[in-house]
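All chains are identified by letter, namely A, B, C and D, in their written order; residue positions are counted from 1 within each chain.
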Amino acid sequence: MHGLSFDIAHLLAGGLVLTSFMLLYQDRLYALLNVFALQAFVLFLSVAWQAYAQGAPHLYVTAAIALVLKAIVIPGALHRIVARLGIHREVETIGGIGLTMLAGIGLVALSMVVILRATPAAAPLAREDLALSLSVVLLGLLMMVTRRNAVSQVVGFMSMENGLILAGTGAQGMPLVVEISIAFSVLIAFIVIGIFLFQIRERFDTVDSRVLDTFRGERS
Amino acid sequence: MVLIADLAVQGTEMLLVLCLAPLLTGFVRKVKAHLLRRRGPSLIQPYRDLLRLLRKEVVLADNASWLFCAIPYLIFAATWVAASLVPTFATGLLFSWSADLIAITALLGSARFFLALAGLDAGTSFGGIGASREMMVATLAEPAMLMIVFTLALLAGSTQLSNLAGFMLSPQIGLRVSLGLALVALLMVALAENGRIPIDNPATHLELTMVHEAMVLEYSGRHLALIELAASLKLLLTLSLIVCVFIPWGLSPAGSGVAERFIGIAVYLLKLVLGGFLLALFETSIAKMRVFRVPQFLGAALMLGLLGTLLLFVSRSL
Amino acid sequence: MPSAVGALSATATVITLWCVVGFLAMAFMAVAACVLCRLRDPLPIVSSPDVSSLANGAQPQHNGTPFIYGLCAFVSLLILAAALASLLSGAGGGEVVLPLGLPFVGAHFRIDSLAAFFLIVVNLGGFGASLYGIGYGRHEHEPARVLPFFPAFLAGMNLVVMAHDAFTFLFAWELMSLASWALVMAHHRQPGNARAGFVYLVMAVLGTLMLFLTFGLLAGTVGDYSFSAIRAHPVSTPLAGAVLGLALLGTGSKAGLVPLHVWLPLAHPAAPSHVSALMSGVMTKVAIYAFIRLVFDLLGPPDWWWGMPVMALGAATAVLGILYAMEETDLKGILAYSTIENIGVIFVGLGLALAFKANALPVAAALALTAGLFHIFNHALFKSVLFFGAGAVLTATGLRRLDLLGGLIHRLPVTAPLFLAACLAISALPPLNGFASEWLIFQSILLSPQLPQWGMKLLVPTVGALLALAAALAAACFVRVFGIVFLGRPRSAVASEAREVDRWSLGAMTGGVGLCLLAGILPGVFIDGMAPAVAALIGARMPPQTSLQWLSIVPVAESRSSYNGLLVFLFSALSAGLAAWAIRRFGSHVTRRAPVWDCGFPDPSPVTQYSAASFAQPIRRVFGGLVFGARERVEMPAPGDLAAAKISVTRHDFIWEGIYEPVTRMVLLAASVFDRTQALTIRHYLGFVFLALIGLLMVPALWS
Amino acid sequence: MNAAIDATALLLLLPAVSAFILACVPDYRLSARLNSVSSFLTFLVALSLLVVTPAPGPYLFVDDLSVIFIILNSFVGFTTSLFSAGYITHEIADGRFSPLRLRFYHAMYQTLLFAMNLALIANNTGLMWVAIEMATLATVMMVGLYRTHQAIEAAWKYFILGGVGIALALFGTILIYVAAQPVVGEGLDGMVWTLLIRRAAAFDPALLDIAFVFLLLGYGTKVGLVPLHAWLPDAHAEGPTPISAVLSGLLLNVALYAVLRFKLLVGANPAALRPGPLMVVMGLASLLFAGFMLYRRGDIKRLFAYSSIEHMGIIVFAFGMGGPVANFAGLLHMTMHSLTKSAIFFTVGPIVQAKGTQKLTGLGGLTVSQPMLGWSLVIGVIAIAGLPPFGAFMSEFLVVTSTFAQSPWLALVFSIGLLIAFAALAMHLHHLAFGEAQGGEAPAVVPIVPLAAHLVPVLMAGLYLPPALVARFQQVAGFLG
């Protein structure tokens, strides 16, 4: 792979990490969803570039899924849910944004150390991609851990999935099976989450998982 | 022929202790009375008491069981057997190997066991007091006694009294610290076992201080006679034991002739007189202690016995 | 002839195995019968057990009870015969391997002389208990909770003794625990029994896990769990010490070594009495069998210090056990504590044997081991009788508390003397068997100055003193038991209306007492019987006893000590008879009944009698302060005040409070701390995942 | 050859087709019966694998390891479907299930069986991942089936934690591919088990290490290893009881299977981090943690859910220790746990239905009020606690003794963990089974057939293991290394 295509791939992957940080930084739900859409778009670009660079046309499918589903449909749906529930101002973070960002930087460092040390033999693109996608995965997980709101947890979860897709596409020649499964799972995940959100709203009139947690354990 | 002779000696020994026992009790009482400047009853008063008791009717408590009636015989039998196993004037008696010092202690233990049961049988509070205190005394006196037995047995290499006495006569024996400790402990235990002052007062019927008398409170007539006789036998036994182990001189060994036997008897009687006198002297010069001081007294005996044993264990390797 | 001898032994093994199968089949039959009854009558009316109806002899329907117990008795007798034949023929070898159990090892069974001896103990006890059960079982309210487990329990104990590989052994061991646990839980409605069952089960599993570890050390490295393979690969010295410790923990928890004894006084009273007899008299012995098998047989030559912990624990167990018994007021509880005491005595014997064996003094070792084994046999006998007697009291009155009993000697004229005889035996009084075995133990202590180690020199005399103390306390304890329960005046209405129990129960007790007397007056026969087992473990034996003059026993050599139970017995009987005859002949035989005198202060209320607690008070004042931290407080009202005076005693069980309570507290505390994780939010759980991930990623990141 | 391919295909086809059919059948009695019949046929097909081992294809394959899992799974699946038939009748009568929901339930049941079979016969890391994800989603649906507050929370918790676990597992899978790619080559080959395992020694060890971390955590979440276990108790407690049985008896095993496969892979590379110690630590942590958690439980199903965590800890510990004996013990323990734990849930279901509560305080004296169920529960608990004469005793014996030879301290800690867990179970057992009966004495239908089908083999295994089974287990144990 020549220099330019490597640089572009690298840039796009880096953009994904950046958007992850932006996700961490948000304190409004609408803004969060918008940033998530942005991340999905970056993912689309990245996957599309990989498809072009690797000459693997099946990756375009993945890219398209990312664009349509994650950048447009899901954020839109979530927008509507948030609007209907009227919770757009509530993103409660744990431990403050600053601390979260610091932790995020630590996570990126960790993933760099872990992956780059481990893969001296692998193709450079795969290495970089893996490191960056691990960062995205960890940042998504961090987001799930530091957000109380169910919608933002779902966003964190999907951000993790984005990282996984980045990793999958970065791996040279990874069979189609995986892409389909990812798309498939995102679809199902969305459905399930949709059902759950629907029910949760139906029963508790809020998607704050704290309310869900009131019971938390022994049946009383 | 030898067997018959042996049997005769054994029989004599048994009869001797049986006959001597009340005399010893009477002697001690007499000496005590003299020491207290009283005239005191005659020496043969205990015999008269026993005979009178034997002739009297037995008054049984309503609640008394068959065991209550059987116990005097059992106590008497156990004590008598124990007493006849102790070499008095002769060693190497026919049946002396059938029970050793441990068995003698245990036989006395059986007698005590039954006596305590008798105390509980009528279902009175005094009987209970006596029984529980007696067993308390026993829990310390018996291990102390066994420790003494251990000390002696370790020295002599046998728990058999005849062998023990034989060993004490032999020149191997020197002046041993362990022996001294054992002697002191044995004296203390002997006082406790026989319910003498300072542990118990054989003459008292003051309710709260009595131990032995409380248990036999409900006995009368021939039953009481047997128990009194057993008590006398026990005193004699203890004294014989002490003199046999610590002043073994004059004991006639197995297979000796009639003359030697008689000398043995004479020496034995002398020893008894001496022992009875010392006992009376001791009893008149000391006051009875409170019941709950007794454990300390006996605990000391136990410790002395243990110390004696330990010293032997340790010094064997030196 | 060795092949023939081996064949004989194998035959005995096979016969015994078939008998065990018979036990299991009986258990299965009982289960099937219960299930069938249940199916026929799906909604039985559950009646709660009623003490008064029990005392009045109201008997529920029992069709299977005599059948099952009778069969059990028969099968026990069969095994007993097989084991006796095997022991007396002196056959070793004859291993039977079945393709059961652990697949790559198989189930090994073998009856060597040690196993044969213990089979005799087990099945003698089993026979007695079954016989007793034929009568006693009729009073059972829920026989379905007893009948299936009783044969299974017997099967378990027999299998433990026969097993000759680690897995089969532990399997049988745990089967035995489980069956006895089920029997403890038979009267599950009574308060406290659930706790008893719980403590018992946990202690049993603790013991089993320790034995797992023991066998892990013994066989784990080789990977072959058969005993012959273990014997062929002895462990190294430091490891062997660890094995000894683990074996002490594992078998001690079942045998009742202090401080692992806590379950005994809870579980033994809770079970039906014939089961208590088995648990106390036999199961604890099976635990000792396990100890002997592990330490004397499998572990190889002992180190000199091995005897010390065994002896020290044994002595402590003996004294503490009997002191606890002195304080206990539950009849069966006292018997259970007294079992602990006797276990201690036995362990002292075993410890001495270990010490002698390690110092190459085989004859002394043989003496000590014989003493231990003889005491095992004796204790199985008299403890069974005592529990049978307690069961008879329970049947007659429905009561176990000493303070409600009394005067039963009048109401139970046959049980009382039998119980008394067993009390005499357990108090080590001549001429009964308890004395014979304790005498042997004392004799072996007297041989111990030959031991060269200083630790031994200091320990052994102390142990001897403690044993003597325990023996004296045991006498006091059983005076208390017999005196309070059988003598005096009845302390409750039920006790005054008790009725003698059935013939089967009395027969079982009579048989036990007869054997006690026999073993007491002819100890030499029994010692010679045990000689093959001792010789197999030590390599030496006590000199043959039965050929001696007058059937006396001489532990080591003629010149030293001897004891003749027969003569002492005859002698005493003769003296007592002589005295009785003389008095009949010369004295008065007039007897008059009159009210009790009591120094002139008789009180008709039975409450004024000495109670169990007051009987124990002097001894508590001597030892209680140290051992129980006991404090008495007397509240004496001022003169003129009509209020009652009060005495109250506070006691501490230092072992329970010092070991078990803290452990329980710690476990519960940890449970509470961990339990907080049950009530966290999803976010927190995600946090756990996150932290686990980061933590694990750090490992490769920081690895090199 | 053809027949063999048919067998693997049938394993997938049967549940898939029945799922469709069951989704369409309105009558619940018929569908329950169909459910059982289909599960039974699947079980028969699974048994046929014993006779004919199909040749591995690029997507599906069967080896000795997976045969054990497949047979066990289809067997428990079948018996649970029998139990479920009785169970749902009661639920319908109680009005907790609507017929529509029941159609969904049956369809999901078969989907779950399909997904698990797929996971077990997949010859492809990606396919396996997809199958396990599908199984997760199916169970999430079933856990939330009652639509109660608690059920939805349990399902939500399960979904989120399961989702994260699945995501981690996927990352691990990708890493494995990345590690394999330079050696095996690009494309499908890089994910085929049979190829991977053959070439694993040449993979980049550092990458394998990281991959194993992700895979262990990812699939470990589904195994219920501490600290990833949080979904498990709630999911067991709030779903229908047959699902609790399936979760404990099957799904955990499937996840464990995945972990074992990857352990094999990583273990085949001599330069990689040993996977054993990681598994040992997590197994031990699960055992100890779950042991302590058992004490304060107030809900009977949650109690046995924690016991499942404990046993998964034991199994993972055994496999982590490795060696022929420990692996054998691990396999045996897994089998015993599946059978016993589902049997326990078979008794718990009717008990809870009869008493109308699953709180422990409301359940007591079961051997008095419901003797058959009560004693079955006692037997089940004794069996699960590793007491003889049941099979778990043998496996625990082997684990402890073989571990003690290698590392005594670990064995000691392990034993303490066993004891702590045992004491807790015993404590609850005494309350549950004995004493005065509490709550209703309503008659309960005893699921005799499924209970016997589970407990009798468990009892038999404690006494006698057939040599054929032993040979197979030993072969697999040797193969697991």
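The criterion applied here is as follows: a contact is a pair of C-beta atoms (placed from the backbone, for glycine too) under 8 Å apart; a residue touches a chain by one contact, two chains touch by 3 or more.
All values reported here derive from a predicted model rather than from experimental measurement.
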Please state which pair of chains has more C-beta contact pairs than any other pair.
B-C
By mean C-alpha position, what chain is farthest away from chain D?
B
Separation of the C-alpha centres, chain A versus chain C, in whole Å, is 68
Taking the mean of the CA coordinates per chain, how far is chain C from chain D in Å?
43
Here the gap between chain B and chain D, centre to centre from mean Cα coordinates and rounded to Å, is 77
Just curious, how far off is chain C from chain B if you go by their C-alpha centres, in Å?
36
Which residues of chain C are in contact with two or more other chains?
678, 680, 682, 686, 689, 693, 697, 700
At least two other chains touched by the same residue of chain D: list those residues.
156, 160, 164, 168, 206, 209-210
I'd like to see which chains touch which, written out pair by pair.
A-C, A-D, B-C, C-D
Listed in rising order, chain C residues that touch chain A in their complex are 678-683, 686-687, 689-690, 693-694, 697-698, 700-701
Where on chain D is chain A touching in the complex?
124, 126-127, 129-130, 133, 137, 140-141, 144, 147, 149-150, 152-153, 155-156, 159-160, 163-164, 166-168, 170-171, 173-175, 177-178, 181-182, 186-188, 190-191, 204, 206-207, 209-210, 234, 237, 297-299, 302, 358-359
Residues of chain D touching chain C in the complex
156-157, 160-161, 164-165, 168, 206, 209-210, 213-214, 216-217, 221, 227-228, 230-231, 233, 273, 278, 289, 292-296, 325, 367-369, 371-372, 382, 385, 387-389, 393-394, 396-398, 400-406, 408, 411-412, 415, 418-420, 422-424, 426-427, 430-431, 434-437, 441, 443, 462-465, 467, 470, 474
So in the complex, the part of chain B that touches chain C is made up of which residues?
54-63, 65-67, 69, 73-74, 76-78, 80-81, 95, 97-100, 102-103, 106-107, 109-110, 112-113, 116-117, 119-129, 131-133, 135-136, 138-143, 146-147, 150, 153-154, 157-160, 163, 205, 207, 217-218, 221-222, 225-226, 291-292, 295, 302, 305-306, 309-310, 312-314, 316-317
Going by the contact rule at the top, pick out the chain C residues touching chain B in the complex.
406-407, 409-410, 416-417, 420, 424, 427-430, 435, 439, 442-443, 445-446, 448-449, 452, 454, 457-458, 460-462, 464-465, 468-469, 471-473, 475-476, 478-480, 482-484, 487-489, 550, 552, 559-564, 567-568, 571-573, 575-576, 579-580, 583, 586-599, 601-603, 606, 608-610, 614-619, 621-622
